[in-house]
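Next up: some structures, all given as structure tokens.
What follows is a pair of complexes built around subunit A, which joins subunit B in one and subunit C in the other.
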Partner chain A sequence: MKTIGFKKINAILLAGTLMILAPLCSYAEPSALQILDRADDKWDLNLRNATTALELLVYRESELRKSYHLKLKYQDTDHVLAETTFPPRNEGEIMLQAGRRNYWLFLPNINRAMRISESNSLSNSDFSNTDLLSPRLSNEYAPALIGTEKLGDVETYKLELLAKDESTPYAKIIYWIRKADYFPLRRDYYTFSQQLLKRLDMKASSAKVSWPDTFVMSSVLERDKKTVIRYLKQTHGPGFPPETFHESSLMKR
Partner chain B sequence: MLFILAYKNLWRNLRRTVLAEISIVFGVLVIIGSGNFINGMQRDWAKFEINSSTGAFQVEHRDYQAMGKSEPLKATLENSAALVEQISRIPGVRAAYGKLNFSGMVSSGVKSTFFDGRAVDVARQRQTLSQQQDLIVAGKPLGDSAGGVILGADLANMLGLKIGDPVTIVVQTLHGGLNLTYATLVGTKNGRHFPSTIYLEMPLDDAQKLLRVHDRVSQVVVGAEDFDSIPGLMKRVEAELRSEQAPYVMRGYQVLIPIYPQAIPSFKFISISVGIVLFILVGGGIGNVMAMAVLERKKEIGTLRALGMEKNQVRRLFLTEGFMIGVIGSLSGLLLTSALTYFIATHGGIHLPPPAGTSQILIIIPQMNLATSVLGVAMPLLVSVLGAWWPASASANLNPIEALTEA
Partner chain C sequence: MKIISHVALSAGVLAALLAANVRAESVAGAPLPGKPDAQDPFGGDDPFAVLGAKDRATPDQATQNDPHRGARVKTEGSLFLKSVYNNLNLDSRINPGNRVMLLDQQRQIFEARLTLSQHLDEAQQWRWLFKGFASIASYIDQYGMTNQGGRVDELFVDRKGAGWFANLGKRRIVWGHAQGFNPVNVVVPPRDPTNPSRETEGQPMLWVNKASGAGALDVIATRNYDRNYASDQNRWGVKLSHAAAKSDYALYYFDGSRYRDGRAYERMLGGSFSADVYPGITVYLEAARFADNYRNYYDATGASFFKNGAYSQTVAGSTLNLGGKRSVAVEYFRNEPGYSEAERLNYFQAADQQLSGGPATGIANDFRLTWMNRDYLLVRYQNEWRERYTLDASALLAGDNSHLLRAQGNYAISDYYELRIVLLRYQGSHDSEFGNNPVRNALELWLGANF
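Right, the complex of A and B next:
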């Protein structure tokens, strides 16, 4: 009788411990895809159905050489329109993503829209079209968690993203994501020859902002060269008319 | 009888006949000589371009011209090594090599810019293009080892690169991804009409790996054993490849050499202009000589007419004299021009200095051409007869009594 009572108590204690630890264990092991999606959400979800003003600053030999202002209409990761509003020489130029891997450039001076590659440079900067217009990486890349690492003083997840096919601009991306809140911090872009091509650093302009609004891209092609994108103003709306993201709507009437 | 009389008349005023002959010889010399010079210049220009960059002709995918500018890798020739081998075996082909066209960004580490690239099979290119090293202005041609790159002299200058400096090359692969490689600058190229500000050349194997296009080329460049047999050789190669049911088209050096198609009509225009000017000058000279002869020989014409010579016979006499002057002058001019052309051709031709920043000397060896020679002889001959026509008609219409009275 005494023995049976002791076993019961042990069983109850074990069951209780498992019940307490089970959720903790599942919380501690997010998959690489979950980490990637949560990081991309910071960028993607915040922009959905928003009109955003941004500035693009091109630095050469550590000096500001060119400055552009763009108005970004973002519906989702596959439907984005970016119109240049400054300088006057480039005013009215529009870049459009009209679906997955369907990129267009409209030049108002010749009233012509032409198809462009996602890896083409954006306004002769260090960003390519896909860097700006397609933030959600899980569509194109298969992620793997290769460890945790300190980036400065910040504890991060380190992901290795491998391109799902050869038409993807970068063969591999190494992605550092802040462990605490899945804030994206850095991406290193590699080519098919496994050479580092570009590095993107992301940060929030203030403590109040919980998503990346400042992006600094540097390239191995030129020392002392970088491009900075800053999101300046954002207004959310109910959504855009479907024709906004169709290439036929680019031409002047 | 008429010919003998006309021939004797030529010797009656030798000074006038000689002056007329000199003007015809000069006309023939200029027409045929300038034609030979232009013909030689055309041939030597074409030969230089063929042996230094374009080859005699190139074989490419039939869609390349339509797609080449926007997506040069999409319309390429597959199984290129076997194709090059097949073309190389055709009689009359000196050698052939594969060439891959692509574009991208090239960087010195400090500056970067767009380039228009050519990847070549170095060993086979050396056999096909005997003068390709003439475009090198610094360093050396691509070697057999990997990792070398040649840039246009102006492009290297713009990037601040010297021979031996490392360069970074970024391209978009066949499937759309980005790729990067590091290389070493081994030489720079320049020349007439050479795209020196955007030119980049690298070994074919390196480029195929970089662009991820295994065994593909944009064109097969073909070298011919003999310049004059190129049109026939093109037909033979085309016939052989057509039987393969493959999507090949041929492009001859005439369309491959920059501005060549535009320059040839200009050359022809110059030749025709020279011919027309000489036609007028020589015709005027002959007409003048014959008119003077009629005036001087009025008494003789009156006597001949009084003795019963028909108007037609008098006209034919003067026309025959004009024809004889034309024949003698034209043939003498042809002989003189041929001798002069032979002399210049056998003494190394005419050397034109290279343009600034290039080492490309153009040697012009004048070349006899049947069409130009026939034209150069026929034109002064025709002009001589036409020039004699009006004075001959005037002489035939003279009244014998008036002619004898005036004389």
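Right, the complex of A and C next:
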């Protein structure tokens, strides 16, 4: 009887402890991967099955030097088609991501499609293909939460993303994500020689928008230069036919 | 003076356009939090401050260029004023004293290109397209081609369905992915390996494509149309391709009915492969085997003969992205039907004999650049500076140690206007391919407008 009494007391204590700790557990910090995925959801999920018109602006010393307009058909993080609609000299050029690490460029004047690397620059800007076309990073990089940090007045998670292998364009990315809503704010890109290469800053253009639609890429090598991408118009649909993202579709332009 | 006045006019037009587009819009939303920080490699400034500047497109401006918007006729065009200065090679053994080809030393040319297209239905499945080229001056360029009057490069109707596509009409399609040489590209006239941006004429065809996640099948039926649309034999081809992550493969087959004189068509069986092997590095391989060889060869007496049997052509190359806008491409071309050293000497001796008496052009037509040797190496470098200047330089080295150097510089005056300068230099011995090119050096100056 004595033993049974102790068991009952232990059970009551255990249940009580769990009841006290349970609410605390729900406030535990999410894992680095969860933070990364939630932040990338803000960008990636908004684009899914959408046709987006965007402008790409190249500034030097705060003066607009060159502008491009692109039409982006985005199915998912591995299937994207970006067609240049301005300027006339580049009109009809198509950048295609036909699968993971499967990038193509189509030049309409000579009707030619060729495989390109994911690290090639997008429309001769500071953005590489993968910077714009593949916003989701967890496929290529292993995240680690290295702390929280104030970016200005905003509390952020600071993640360190290390390349899973050397076939990625960057060895390391430092990623700042707003704690309050997992909004992605900034990425610093590092080379395999651990040199800081460039920085991407992101924001929403208005309070009505909850996803990043304005991006500024700054290069360490060319300090007076910034490349801006702004999403201008978006149309969501049921999805694209699968052949839209097939390499052979480029010749049918 | 003409060029200078065009530049001034272009600059004036550009200034007016920019002035009309200036907007003092503020950017909605709060800027990214950040304070100036001396330790920050980017200076700690607000990165979005640049957006308070001018010249942003509005959504309407950006989307009005949508090529698939509505059912209106879409128009693209370009105009070029071109001055060509040729330093003729009067010692060329295929054009001695410029008596055979009668090339011009200097020419002013006006070229116009126009593309019209329209979707015929709301679902944008049906479409027609016209692409034409016209020149108001006749001339003979360094490639030996005469541009006179007009040319229809493309005129077709096509339809996209769920997983399939069909085209009827004249169209340019390119088989193969190599940068310079494309042995498998037999449907339309071959491209110029030293001038990759050179546009060529299409070919009337029925083309059906079936694509799925596993790959794509292309079937082409055409005839041996020439520029006058005369035709007498059927041609057909099949391409089977598969693109996977980081690599792709394709098989090609092209065949046709016999020539009128009974010779079999030069049936082609080919394959291509390309892969993204490392960040910034792609490699490719392309090979074709042709069943027959109807090329003229020459013996020591100057008599021509055919080599019966099959031959192959192979290309292996790689492109290397050097960061930003810089890239290098290296390509090796093995051309089995090319002349050996002895065959090349025989050819030039035969040319000496035949052309010494007068402008007999038959043997001169056997001189085809990038066909006189069995081995070629192409090296190409591209770069862009400050969003306005581009350089495209290439060197093509032949097995006989002759070479062609080409440098092209572009200056973008605006989004619509550009200046271009092209320098060409053909160099080699008296017994070599490029050493006997009818043009030794060439300079081209372009003023172009795109709209």
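Simple rule for what comes next: the second predicted complex is superposed on the first by the 226 of 253 C-alpha atoms of A that agree within 3 Å, B and C clash if a C-alpha of one lies under 4 Å from a C-alpha of the other, contacts with A are read in each partner's own complex, and residues count from 1 in each chain.
Heads up, the rule we're going with is that a contact is a pair of C-beta atoms (placed from the backbone, for glycine too) under 8 Å apart; a residue touches a chain by one contact, two chains touch by 3 or more.
As the structure is a prediction and not an experimental result, all values here were calculated from the model.
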Q. Are subunit B and subunit C a fit on subunit A, or do they clash, once the structures share the same frame?
A. clash
Q: Figure out whether A:A204 sits in contact with subunit B (first) or subunit C (second), or with both, or with neither.
A: second
Q: Scan A:S117 for contacts with subunit B and subunit C and give back first, second, both or neither.
A: both
Q: Check whether A:P169 is in contact with subunit B, with subunit C, with both or with neither, and answer first, second, both or neither.
A: both
Q) A:N102 contacts which: subunit B (first), subunit C (second), both, neither? A) second
Q) Of subunit B and subunit C, which one touches more of subunit A's residues? A) C
(Q) Taking the superposition on A as described, I'd like to know which of subunit B and subunit C A:G152 touches: first, second, both or neither. (A) second
Q. After superposing on chain A, which stretch of subunit B overlaps subunit C: 132-140, 222-230 or 258-266?
A. 258-266
**Q.** Set intersection of subunit A contacts, subunit C complex versus subunit B complex
**A.** 117-119, 166-169, 220-221, 223
**Q.** Residues on subunit A engaged by subunit B in the complex (per definition of touch)
**A.** 61, 117-119, 163, 165-171, 191-193, 195, 197, 220-224
Q.
Taking the touch rule as given, give the residues of subunit B at its contact with subunit A in the complex, in rising order.
A. 105, 107, 109-112, 168, 170, 172-182, 210, 212
Q. For the complex, which residues does subunit C have touching subunit A?
A. 27-35, 41-43, 47-51, 53-59, 61-63, 65-68, 76, 78, 158, 160, 162-163, 165, 167, 172-174, 177, 179, 191, 196-200, 209, 211-213, 216, 218, 241, 243-246, 248, 274-276, 278-282, 284, 319, 321, 324-325, 327, 384, 386-388, 412, 415-416, 418, 450-451
Q.
Applying the document's contact rule, which stretches of subunit A touch subunit C when the two form their complex?
A. 53-55, 57-60, 62-67, 69, 71, 83, 85-89, 91-92, 98-103, 107, 109-121, 124, 126, 151-154, 166-169, 185-186, 196, 199, 201-207, 209, 214, 216, 218, 220-221, 223, 226, 228, 230, 232-233, 241-243, 246-249, 251-252
